[in-house]
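Going in written order, the chains are labelled A, B, C and D, and every chain counts its residues from 1.
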Amino acid sequence: MPAADLSADHLFDLYRRMKTIRVFEDTCVAAHKAGEIPGYIHSSAGQEAVPVGVCAVLTREDRITSTHRGHGHGLAKGADLERMMLELYGRVGGLCGGKGGSMHVADFSVGMLGANGIVAGGIPIAVGAAQGLRLFGSQAVVACFFGDGAVNRGPFMEGLNWAAVYGLPVLFVCEDNTFSAFTHSSTTTAGPGPLARAQACGVAGERVDGNDVIAVRAAAERLVGEMRAGGGPRFLWCRTYRFSGHVSIDPATYRKQEDLDAALKRDPLLVTRGQLGDAAAADAIDAEVEAEIARVQDIARKAPYPPRAEAFDDVQDIGSPAVEAAR
Amino acid sequence: MPAADLSADHLFDLYRRMKTIRVFEDTCVAAHKAGEIPGYIHSSAGQEAVPVGVCAVLTREDRITSTHRGHGHGLAKGADLERMMLELYGRVGGLCGGKGGSMHVADFSVGMLGANGIVAGGIPIAVGAAQGLRLFGSQAVVACFFGDGAVNRGPFMEGLNWAAVYGLPVLFVCEDNTFSAFTHSSTTTAGPGPLARAQACGVAGERVDGNDVIAVRAAAERLVGEMRAGGGPRFLWCRTYRFSGHVSIDPATYRKQEDLDAALKRDPLLVTRGQLGDAAAADAIDAEVEAEIARVQDIARKAPYPPRAEAFDDVQDIGSPAVEAAR
Amino acid sequence: MSNVITMGEVAARTLADEMRRDPTIWVLGEDVQAGGIFAQYKGLFQEFGAARVVNTPIAESTIMGAGLGAALVGTRPVIEMRIADFVMPAIDELVNQIAKVRYMFGGQARASVVVRVPHGLHPGSAAQHSQVIESWFVNVPGLVVAAPSTALDLAGLLRTALRCDDPVVFFEPKAMFKNVADMLGDWPAIPFGKAERRREGKDVTIVSWAQAMPAAIEAAAALSADGVEADLLDLRTLWPWDSEAVLASAARTGRALVVQEGVGASGFGAEVAVTIAEHSAARVRRLASPRIPVPFAPTLEDVCFIRPGMIVAAAKEMVAG
Amino acid sequence: MSNVITMGEVAARTLADEMRRDPTIWVLGEDVQAGGIFAQYKGLFQEFGAARVVNTPIAESTIMGAGLGAALVGTRPVIEMRIADFVMPAIDELVNQIAKVRYMFGGQARASVVVRVPHGLHPGSAAQHSQVIESWFVNVPGLVVAAPSTALDLAGLLRTALRCDDPVVFFEPKAMFKNVADMLGDWPAIPFGKAERRREGKDVTIVSWAQAMPAAIEAAAALSADGVEADLLDLRTLWPWDSEAVLASAARTGRALVVQEGVGASGFGAEVAVTIAEHSAARVRRLASPRIPVPFAPTLEDVCFIRPGMIVAAAKEMVAG
């Protein structure tokens, strides 16, 4: 049965979003391995409950910042599925016109301020976005996603302190998937963990089971509620596990099989299915999602690459290379 | 009376060092205002108990890193007074041959790895020094001095985490003089303070009255003892107050007169004099110190500037500008 | 009625003007409420308050990155960097993020920020407080780079920077902030990419900018006294830079001397001089600081300065040779 | 007996060699225990253990700064930066500290570090994983800059870097790490500052380095087939760089084409070309990537690559013109 305070519809909707992310990731990893998608793919399979749970309590006006593993964040915030697929394929119509690819998916129309190829790169951007919004008198909040590896980079602490100093409505979401690339994060992170670091900078928060979308959603709701009431920044530490390698071609041999097996048993999709308690309905959603993603993949495969001349657009207006080229 | 566990001799020695720093700073500020010393002077007047208390428990083999306000750290670690004065005057015989000046005083012969013009710049250097020393099997420890403003820069957290991850013997000493340049640090630092940040990164420590050299020394002794016993990094938060402006020419109008008055009553030299309980002996030390600093200032005033050609030395061996110039 | 003020005050007044015009402009940086270390923000806190003149923690990465975030939601931050040397902790945010967001995201985003960067030699400042790093940002697509040398140019280019949608790295001549000028009239916006002719001449082109300009002006006068007429151009902006004016001048004189403060090796002077060499038959030569960190002692530091005499000598050699 | 291995393995074996020789050499960086992302540290953890092959937190500032600290007490750290784009968070430590410590402290200190930086275009890597920033470090006094293009040069220059007391920024051609070569014999140290002639010719000098070299070699062969003999120099080190060899060649041919990967504006090619223009009568021209961030889609990204055909066309134009 769905949790008491969530309607069945809403829970099905959360499940559908999570499933969409999963199938999207798996499809893109396969397409990358098949040579259809250039560059790298960082799959968020196994972590879907985090962005879906958090974004469920955000409005379209709210903003998010993301990471190199950003497809799920974008899809959870409402980015267009077809255009995201087109972007990963580097085709015309992609979210970024093919200029960004997987690591730079963004959809500003829904408040998704961009994936980021730099670990912790989104953190200063998130606090600044909150500061800018305040200048306009906006009530919007900002959710800032980052990994467990990012908590060791300086901008993490700078951003926490910054948000607390100015009392900015930023929800810091640590998506703790256990690994920093090929390294178990426990070997490079000292102390009691991300939440303690946040508290030491004056940012209160919670730790939550990142595989349980209902729990993530509930915690996010509490924290964002406090933020909207003027409480300043909050922190949400979500424990989860990365199902794939760091990038699509990483066999992740550094990982213990037993850990992976244990994690797979706690697959967030399985957890949610259990909470839904309606396997047939879930199966139906699965089928719809798979069809939808097959459809957009087909579109992406057939779409043209952007014309070469577009490489010179959108660099800058003044001193533009287009001007130089035309000389 | 001297504290029970410190000999009178030792306490007199601590007082002499503190007084030396004070007179050095005051002399250099005056010389800078008189146009004798170029560049900037960041005086550490009022903060002398911190470096003197900490360095009292270090051996010559131990290393320290420092800040832009580094004269006191150097003198406390045993850097040559005359050569430091020569350096500030930019003369031949200066610690750095006149290449560094006030902001870059260093004396590697006594383990003083340099002042630093970059806030928090010494922190990564300190942890790396400890790591390097360990590779050689050295038992030496590293004390890392930085200000209360530095705790908001990313390398601060990176360095704490780093030292804890590798269990390195680094004593992080936060010399909290209340200000970050022209800004009261309380307005830019959120949360319960530097020590809490350290603890959140797995670094234990203490808070101490930074104007009481006996208390600083005692805390440093405890913490360094734990470090030498293999306990890993420790943190010492020293509360003190900057008597001068940020630089010699800063009138510090942003400072409340009552705060300054209160701080002057807690002048670390007065505190130590009280602990010494022998005004005549202290007066005698004062006179000796003043004479000594007048002596080295006189030497510095008369020393020649380095010859122009030396500007091209010590840049690099391969691709040296000296080679280029000679071509 | 005279209006004798410092260059720092000119900067502050220009910014105040623009902040009155556009409520989305705001400032963030260390100690900006105190007026900035060169008085270049003097009075702004008093007029615009803490919401628009934001004192920040010492956290350059986040000063730069937060400026970007605020730009992405539609404000126009002025990002104060104190001095060029302190940009370094913020280069990731400037180069990997600000310069690229518009492009990476296919035009969805704009980073309309002005990054203010006092730069150059300042006596007694030594290796970590004296650097010139212009060429790095010319090398970075997405960035506009300005480097005025006079109060009027600083005002006019700052105005343009605050009105333009591209991110601008705005280098300011830090040793000249205290110079006073009689700033009569108003200080109109100046377009990027237009050099200013400081002296007209037929014998040799001298191209310079930023803190090397005063020496270049003095040298040009001295040359004239000796019968050598220099065509002296102040670039004022480094990207885009006025290659048209420079090439036209070089074509007329047949000789171009490029004079810059800061290390010559891969300095911006190389880009100017090589462009002349590629596109004209003019002979080229550079004058710049040697490839050494800036030393402290006055006798050593002296080797980093470009003195008028050096320019005179180089120009005469070119004219003779 | 053949010894066909990848360039990544060549790098790892060379480093292993030197680590056996000198116990003060050690490595720090992200994922180095896993062998590095290009296998350039393969096997080192197994041989030297966790004390000398140190996996670090994701903290570039401190990776760089800790490397410096360890150098100041006498060790020789190899500082792994993963890719050039990630040097940016560590530029303060590299430029404000490492490059200057010896000088600022009047020769008391040495920063004998090797900063390894895989750089350049790598298909599909987009704006934040493809940059070429060589010229920034040529602009920084105190630094040696290497940029080999072959396995043998990588091995030989890495050896030299590990034996030299100056800090070396060691750029590695990241898209070539998987290339295999038959690495017979041993791989001796190669001095910094010596270019390698890849082809001899009298008609036009082509100067290149790093990832632009393969295209230059192909172009030189194609030119020869068309009767144009190029004198092709691979610089291998960018500071110091072999201006002697370049100037001698340019004097012989009277034309010099400088070919680089990465943005041309204030790229290192400008320094090379302008030096030729200043010191010889040779005509100069540059080929480089346009001043745009590196885009993702293959059709767009293509404009950033220097293709052999472009070199051939430019060289022929120069020879004809």
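Throughout what follows, a contact is a pair of C-beta atoms (placed from the backbone, for glycine too) under 8 Å apart; a residue touches a chain by one contact, two chains touch by 3 or more.
Quick caveat, the model's predicted, so the values are computed rather than measured.
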Target chain D, source chain A, minimum contact steps: 1
Label of the chain whose CA centroid is most distant from the centroid of chain B: A
Chain centre separation (chain A, chain C; CA means) in Å: 39
Separation of mean Cα positions, chain D and chain C [Å, integer]: 30
Rounded Å distance, chain B centre to chain C centre (Cα mean): 35
Shared interface positions of chain C, touching two or more other chains: 56-57, 59, 61-62, 85, 89, 92, 96, 103-104, 126-128, 141-142, 239, 290-293, 295
Residues of chain A whose C-beta touches two or more other chains: 94, 96, 98-100, 104, 116-118, 152-155, 158, 161, 165, 187-189, 315, 321
Arrangement of touching chains [line / ring / star / complete / other]: complete
Residue ranges of chain A in contact with chain B within the complex: 152-158, 160-161, 164-165, 187-192, 196-197, 199-203
Of chain C, residues touching chain A in the complex: 24, 26, 28, 51-52, 54, 56-57, 59, 61-62, 64-75, 77, 92-93, 96-97, 101-109, 141-144, 164-167, 192-193, 239-240
Chain D-touching residues of chain B, taken from the complex the two chains share: 63, 65, 94-100, 104, 106-109, 113-114, 116-118, 121, 123-136, 138, 154-155, 158-159, 161-162, 165-166, 313-319, 321, 323
Chain C-touching residues of chain B, taken from the complex the two chains share: 38-40, 90-91, 94, 96, 98-101, 103-104, 116-120, 149-150, 152-154, 180-183, 187-189, 254, 305-308, 310-312, 315, 321, 324-325
Residues of chain C touching chain B in the complex: 30-31, 33-34, 55-62, 85-86, 89, 123-129, 290-293, 295-304
